[in-house]
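One chain, chain A, links the two complexes that follow: it is found with chain B in the first and with chain C in the second.
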Partner chain A sequence: MPFMKGPAPVRRTLQYLNSSRLYLKPWVRVLSLNYNIKGENHAGAKSFAFWHLAQIQYKNPEVQVITFKNLTPTPFIRAFLNNGKEILMDIDRQSKDEIVDRVLNTLCKTQQELDADRAFIDIQSNPAHFGYGCSRHCICEIPGQVPCPAVVPLPYTWRGKYAKGHAELDETKFV
Partner chain B sequence: MLNAVNASLLLTSIRQPSCCVQLQFVRWRKPRWIPQAKTKLFKVPLKVRPPLEEQAERDMLLNRYGTMTKSLWTYQEGLSGIEDDHEGMLGSAVNVDAEIDSVIEANEKINAVVRARREKLDAEKWIKTEQEILQKKEELELQEHERLNLTEAEIKRQIERLASAIKVEDLDEVIEKALAQEIDYNFAVDTSGNIYAGRHNTGRISQAPKDPLTSVEPIVGS
Partner chain C sequence: MYFPKFYPYYAHDPDKLCKVGDIALIELLEKQLTRDITHKILQVVYPMGDVKDPLTGKPCVAVEFRDDMERRDQLWGKNENAFNYDEAPPRGWQEGRKDWSHKKGYKRWHDYSDRDQPEASWP
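Entry: the complex of A and B
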């Protein structure tokens, strides 16, 4: 579709798609929205589909997002979960913003979860980090760095126990 | 026969493109349905075996490769377990079912509120619709009542008119009476309604012409 054609082409801009916080929980697999194109009790659901469905699909590419139009007397959102259960949200006569808040509070990740995910991704993607979940467990894996003392003990001059005279040197054992 | 087949295959396989540049992207190979060449039929390929030391070295390398691969796989599985633990620390894997149940429960509460509001609004809407229907029904009844009154008045008027109508049994008498009263229409009328009879009038002169809108015509009925 051409960029500036159709109603509200701002919906297709990356800035708009990225501006939402609608990251669904990992256990949501399918999100379906039933609404009619006419009727004042469907106005909020219709507006939600118009403005926010693209954002949800953009933020959750692994989730199937489908709409069913003109098949129901009252609008509702149904989420199918990966454990076989489903969540049915009655959105009759609710406005677009009310629906967004409800989806955020019910099906989306919290701000703490998002921050944790972002931190985890940052750790994984940054090659300078080492430790849990990183590309390397220890800095000693880098050539030229000091090896781990468990593998190659540090010189006696670097170890306070011997440098300050708290223990006797055993030159037959360690360097 | 075989030579002909080979020749045709060769020709088709080395077909030159229209641009006359010799480009062949697929290496020609003996097709599968052509049997082994007769010259190669009884040829036993010599199996080259490496020297014992070489073989021992290869076995050692292969064993080392297998050991390292196995250890790497074990290490990777351990890492995966650590990542799972990390996800568990994030709270997205351990208590998923409990979280889902709590979300469903909270959602049911909101659904109950929405349902109550819908039922209330539907009831109000139904009461309003019922009132509108009743009001319209009353208006229609009023209109019907007015229409009946008008019809009744018209019927009464027609009945009153029928009272002065000529009946069938009186028809001959009325005709004779009308024939007996000769009316002479040979006269003049001025703008003020005055009648001027002629000099040769014989019968009774008609009265001034009646207004056709206000006059009631006689009805002939039984």
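Entry: the complex of A and C
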């Protein structure tokens, strides 16, 4: 399979594909790009497709990314959303960097959302975390740690209601 | 590298919106209708031969608008052999005569020598 061949084979490297920030929002289902092969006003759209479309597909494998060439005289990006509506972006006479900025601002997840997603994944994969979504529900499952208080009651001094004096200790009743 | 994949999706089209060659938007059905029909038509995005530029709403032919083509014809003279968009019959005029795609079709499993199969489609 030819790899380092053709124009700009760096576009096919994992490092290049991973470096983009073009994570689309979850309500975008289909992203279509219309442009013509010839024409000055289509040059920006054409280079956007050349450089960034593979990145978008790589980061969003569940989204259909499709191009229509030589269909209409003007270039545009048409995103079809979950609720049946569509977002239409006119990219006539715009450079590829301007198009990337526009797509980032309108259709892509913000840096905050990406950080939240990453934090969630970190919590899940880190073996030091316990709880919902993690590999182990509680530290009491591990031999050598404090056993589950539902099975073996904790010492009185560790229990807040006795330590803080909210309840009185009656050692004749409990072993 | 990403290569385009073509898969024949069978979509539910009760209103007969689509004709052969149209580019349409389909959606996965919550429950499959039949063994083959998994999707339903939402809208016809670009009908074949009648593409309207969504930004301006004007009809266009590939690289140019139809208005510009008419203006060019007025300046340079009209070609009689060219396709006349104003006087052309609407799509579907061959249905029943040569176009059998509106009928419920089946895959052409066998080619018979003694009879035609107008309702069969190539798989």
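The definition used in the following text is that the second predicted complex is superposed on the first by the 151 of 175 C-alpha atoms of A that agree within 3 Å, B and C clash if a C-alpha of one lies under 4 Å from a C-alpha of the other, contacts with A are read in each partner's own complex, and residues count from 1 in each chain.
Basically, a contact is a pair of C-beta atoms (placed from the backbone, for glycine too) under 8 Å apart; a residue touches a chain by one contact, two chains touch by 3 or more.
Remember, predicted model here, so these are calculated numbers, not experimental data.
Per the contact definition in the header, classify A:Asn36: touching chain B only (first), chain C only (second), both, or neither.
Second partner only, chain C.
Looking at A:Asn18, would you say it contacts chain B, chain C, both, or neither? Reply first, second, both or neither.
neither
Tell me the contact category for A:Gly133 with respect to chain B and chain C: first, second, both or neither.
first
May I ask you to decide whether A:Arg102 touches chain B, chain C, both, or neither, giving the answer as first, second, both or neither?
A:Arg102 sits against chain B, while chain C stays out of touch.
Looking at the overlay, what does A:Asn70 touch: chain B (first), chain C (second), both, or neither?
In the superposition, A:Asn70 touches chain C alone.
Looking at chain A, which partner touches more of its residues: chain C or chain B?
Higher number of touched chain A residues: B.
Have a look at where A:Leu88 lands relative to chain B and chain C in the superposition and call it first, second, both or neither.
Touch status of A:Leu88: both partners.
Can you pull the chain A residues that chain B and chain C both touch?
74, 88, 90
Contact residues on chain A for chain C in the complex?
Counting only chain A, the residues touching chain C are 1, 12, 30, 36, 38-39, 54, 57, 68, 70-74, 76, 78, 80, 84, 88, 90.
If we count contacts the way the header does, which residues on chain A are in touch with chain B in the complex?
25-27, 41, 74, 81, 83, 85, 87-94, 102, 105-107, 113, 116-117, 120, 132-133
With touch defined as at the start, can you tell me which chain C residues reach chain A in the complex?
Those residues of chain C that touch chain A are 1-2, 23, 25, 42, 46, 51, 53-56, 60, 62-65.
Show which residues of chain B lie in contact with chain A when the two form their complex.
79, 82-83, 86, 90-92, 96-97, 99-100, 103-104, 106-107, 110-111, 114-115, 117-118, 121
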